[in-house]
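Next up: some structures, all given as structure tokens.
One chain, subunit A, links the two complexes that follow: it is found with subunit B in the first and with subunit C in the second.
Moving on, here comes the complex of A and B:
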């Protein structure tokens, strides 16, 4: 089983290389087509034409586009995405500083989406044929129609402003110090230095943005799981299990769910990519110090090196997650196992 | 499997968890701390690098400026005890305090002063202070506390610049030994607070510097929470997660005014909202330019977008500053606008077509103001094609002569000096103005070289009227800053909108 996982993951990672190259080319070319001059924008407004030309040469912007791309790609492979126009710091270091927070948030979101999605899917399935089915169906459609940023605002208002039970700004309470960057992951770092108070505060600050993401992405999982369960219940082995006297609960949780989870898992992998992109607005609403928040700044300031660095990082993370999900899919699906 | 947890114990645990969860943020801070909701992070911790008006209050907490301003914007001593601008404006003698230390304990001397305002500038076009200090030819060190600044041409506003954007003294020895990158990561200044923690786009924690040479800050710990979304800032102050916040929507300020426990204010500041004009294309015609100005109902814009608190302006200066004219009003007169356009063969049926650029979200209601102006222009016979551009692209477009005829713009001048209002906005050799006409351009350039204060101010007052009467600029409104705070949190109000952490105190 482990061999299958490793082999498939390795194959997928190899297949991801051309995808990354295509995405990086698109990212580079599209941004270069924008009518902005990164050299001029990198300098103060009083810079002379001569200084701008010198900067253009320094940045390699006077060379042919394919050569520029290769220079950029070579730098990117070494983690050098150039200097951010707005922050005048290395774009790579800005991404590295903010990526862990976004991963932490996205993982929180996908775990919650999974719990809510699977729970909701099972509930929807159990309510089939009852008078509650149309109501449950309507509720799931309603949930599906609310995007993550709206959930963000609703949750902020209800739990932050009205009920006063959860914080909604930043990643940790104002009175607590930030732990040293060991892994960059706040939850992990606070545990590593043995500060449970920081860990608890970081968890509290993670709840609302993660729930906002989870609520936005759970309805899709819910509905796909229910449809898969419907399909699985038409399979012969379900009837046979019934004939053997296996209880409905055991049929659902022990047999049907495992098989119905395969398409759900595939969907969750795809959803993670979308959810990862969804962190952008949620991070702004909750002042969460992640990469999405940084991206908003970068776009607002037409900070091309930073946009490229964040864009490529998003792509790499999504590809990695999909690769891992594919690996798990192979593990769960006996047909794909290597003999 | 059955867990043997009694229901009462279970409910008690939930209640306990809820109580412990709500405790840390039921109140943003105790009396020895304060939390401020701030709309933007600092772009960098090198205070000389970028001119960012919104970051000045934060920089002023960590770094010191050579000169300072009182709440009415009068220049006052700071690191510089005394200064003497030569009558010809070609040099300025300064004497620094001898009791100033940086946060690492190093003494601040003229070496640091020279490094900040001369050596760093000459090292290349990397700092925005290269613009403000471009006239500095040398800084001659006479002693650890005395220096002479030499200029290549008269620099009458150098004292003002010593208290303006980017002019913060940085520690030469520390930067030399640690490197600029490490300085930016762990900056030290000589200000009333030292930077204790910084998390990009999230929060800035300041701790009082007990060896500060000046008046000690009342509150030992200040947390600046970066909250970019205005609705989230409103929610944060409402829920008590922050004690004070700025730049909230005007309607929210009006609501907070009625809420017990809160104080809310809309304060006009030294920031002007204007329309930059080109001197060519369709605006080569003076009638069209003046018609564009007469057609705008500034009071209506103020009422619609700033609750009436933004003061309509007729010149490029704000009330109370030296260049402001109390005896001049450019009237709103759409009929006169139509007559002017008719004289150039334009009418609502046959409108003159122009391009009009605006930012969206760069300052409050910018895009909405631009849309309203388009409608006002349409009513008199000006058909404006509204385009949204990023503020970051403004200078590049202007440098390439690619801006449209008109551009909605906001300009901050914390000093209040007219050179940094109309002087910069109408100087054809500077990157700010698209107005390139020689007549006004030469008048402006001449004013840059007048060292005598009274003559200089008189010249700018004359220029301001002349520029508006010739349609070279369309001043619209004096911008406002909105602030909501807990009622028992006092602060010092500055006419330029600064909210300095060192002035905050609980009552």
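Moving on, here comes the complex of A and C:
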């Protein structure tokens, strides 16, 4: 089972390489066609023409475009994306410093989306045939139409501003020190150094952004679970179980849910990839110090090396998530396992 | 069996959604008559005024003013114009590119299908928000640029879904019959395949409009949207986010405007899907 997973995942990873190459070419071209001069931007405004020319040569900007691309690509493969223009630090190290916060947020979001999605899907299914069905159905469509951007703002407004129960700016309370960089994950690091106060504060700050992501991505899971449950209930073994006197509750949770979970899990995996891109907005709304905020910062300042580094990182993570999900799907699906 | 239009208009979802959209469109079209002020007029003596019904409110500014003393109601009304313009043209553009490529891809198959399919793969590996931000860096600010960025990102939504539908339709006997009758490929696609994929296409346009409204709000929110001189709901939110405690209404109102618009387009899409899709309409779900 594990070898199947490894084999399949490796095959998918190989298939992802050409996609990644095209994506990196696109990224490079779109940003290099801009009418801005990275060399002039990375020098103080009073630099002379000669200095700018020297910088251009140093950055390799005087060479032909394909050669520049190859230089950039070989650097990127080693994690060297060049120096950020506004921060004057390695773009790669800036990404590495903010990526854990984004991963933490995305994981929180997908866990909540799963819990809300499965709970809501079971509820929707239990309401079938009752007078509440059309109401629940309409509610699930309304929920489906609210994206993470709006959820983030609505939750910020209700729980942060009006009710005043949860913090909505940053990753920890303003007075608290940030724990030393051990794993990069704030929740883990604060526990490792035994600072429960930082841990609690970090949890509180994570709640609203993660719930916003969870709420935005749960309705799809909800609706797919409900329709797969409908499909499963047409199978004969459900009728069989009913004839044997198995309780409805046990049929739903013991038999049907297990078989309906496969399409739901696949979908949750696909959703995870999309959700990862959605973290950007939630981070901006809550000033959460992750990769999304860094990206918006870089975009506002036309910081090309940083934009390229972050753009590529997002793509790599999304492709990785999709690959691993495909591998899991193959392992979980008995029909694909036999071969 | 009556026509699809009559059938759609009997669905309460479609009627309610169309009513809402009509209301918002009226605000957009007649903004100049409805809005009490010019959206850019600043009154620095009356900044962050609460709405008229709150203590300290001013009847001149029914929904209060923002941090530069601009009338919130007028900006909301003019913001509807921006949102609907973007929604309409972006959805139309994405639909044109996406559905043309989908029909070519699904109808001809083979190498061209493969190429278009791989293009969609590459596009989909980019998270849409990241992609549109990068495009906005390259394109610059402005309402036309926002529309272009949305088209360039979202054509894949149409292409991916429509292609599989075209694939199914193309296998039907009547398409082969049309070819045998001497129809050219172009005639076959337009007269035989397109009518069958049209219901799905219309539904997708409606859903894409909802997406475009949100994307425009997002881009304006991060300051890479239509530009500062054009009122947009996303800008209003970004401005209000800094003064949430002084004037929470300034944050709540544009959120409500976006919510209503997005819900209207999604409700319309859902209603159309139920009434236009023959298979779904028969099941009654």
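Basically, the second predicted complex is superposed on the first by the 337 of 339 C-alpha atoms of A that agree within 3 Å, B and C clash if a C-alpha of one lies under 4 Å from a C-alpha of the other, contacts with A are read in each partner's own complex, and residues count from 1 in each chain.
Methods note: a residue touches a chain if its C-beta (ideal position, glycine included) is under 8 Å from a C-beta of that chain, and two chains touch if they have at least 3 such contacts.
Since this is a predicted model, take the numbers as computed values, not measurements.
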| item | value |
| --- | --- |
| Superposed partners subunit B and subunit C on subunit A - clash or fit | clash |
| Partner chain in contact with A:277 - subunit B first, subunit C second, else both or neither | second |
| Subunit B versus subunit C as contact partner of A:174, first or second or both or neither | first |
| Subunit B versus subunit C as contact partner of A:117, first or second or both or neither | neither |
| First (subunit B), second (subunit C), both or neither touched by A:31 | second |
| Touched partner set for A:85, first subunit B, second subunit C, both or neither | first |
| Touched partner set for A:146, first subunit B, second subunit C, both or neither | second |
| A:108 touches, of subunit B and subunit C: first, second, both or neither? | neither |
| First (subunit B), second (subunit C), both or neither touched by A:201 | first |
| Subunit B versus subunit C as contact partner of A:327, first or second or both or neither | neither |
| Clash-bearing segment of subunit C, relative to subunit B, as chosen among 99-107, 153-161, 243-251 or 261-269 | 243-251 |
| Footprint overlap on subunit A, comparing subunit B with subunit C | 153, 156-157, 160-161, 284-285, 296, 300, 302 |
| Subunit C - residues contacting subunit A, complex | 118, 121-122, 125-130, 133-138, 210, 214, 217-218, 221-224, 237, 241, 244-245, 248, 251-252, 255, 258-259, 262-263, 265-267, 270 |
| Subunit A residues within the subunit C interface of the complex | 16, 19-20, 22-23, 26-27, 30-31, 33-34, 141-142, 144-147, 149-150, 153-154, 156-157, 160-162, 273-274, 276-278, 280-281, 284-285, 295-296, 299-300, 302, 307, 310-311, 314-315, 318-319, 322 |
| Of subunit B, residues touching subunit A in the complex | 18, 20-22, 24-26, 28-29, 33, 35, 37, 41, 43-44, 46, 49-51, 125-128, 130-131, 134, 184, 197, 199-203, 205, 223, 225-229, 231-232, 235-236, 238-242, 361, 390-393, 395-396, 399, 430-432 |
| Touching residues on subunit A, where the partner in the complex is subunit B | 35-37, 40-41, 43-49, 51, 55, 85-89, 94, 97-98, 153, 156-157, 160-161, 164-171, 173-178, 200-201, 204, 284-289, 293-294, 296-297, 300-303 |
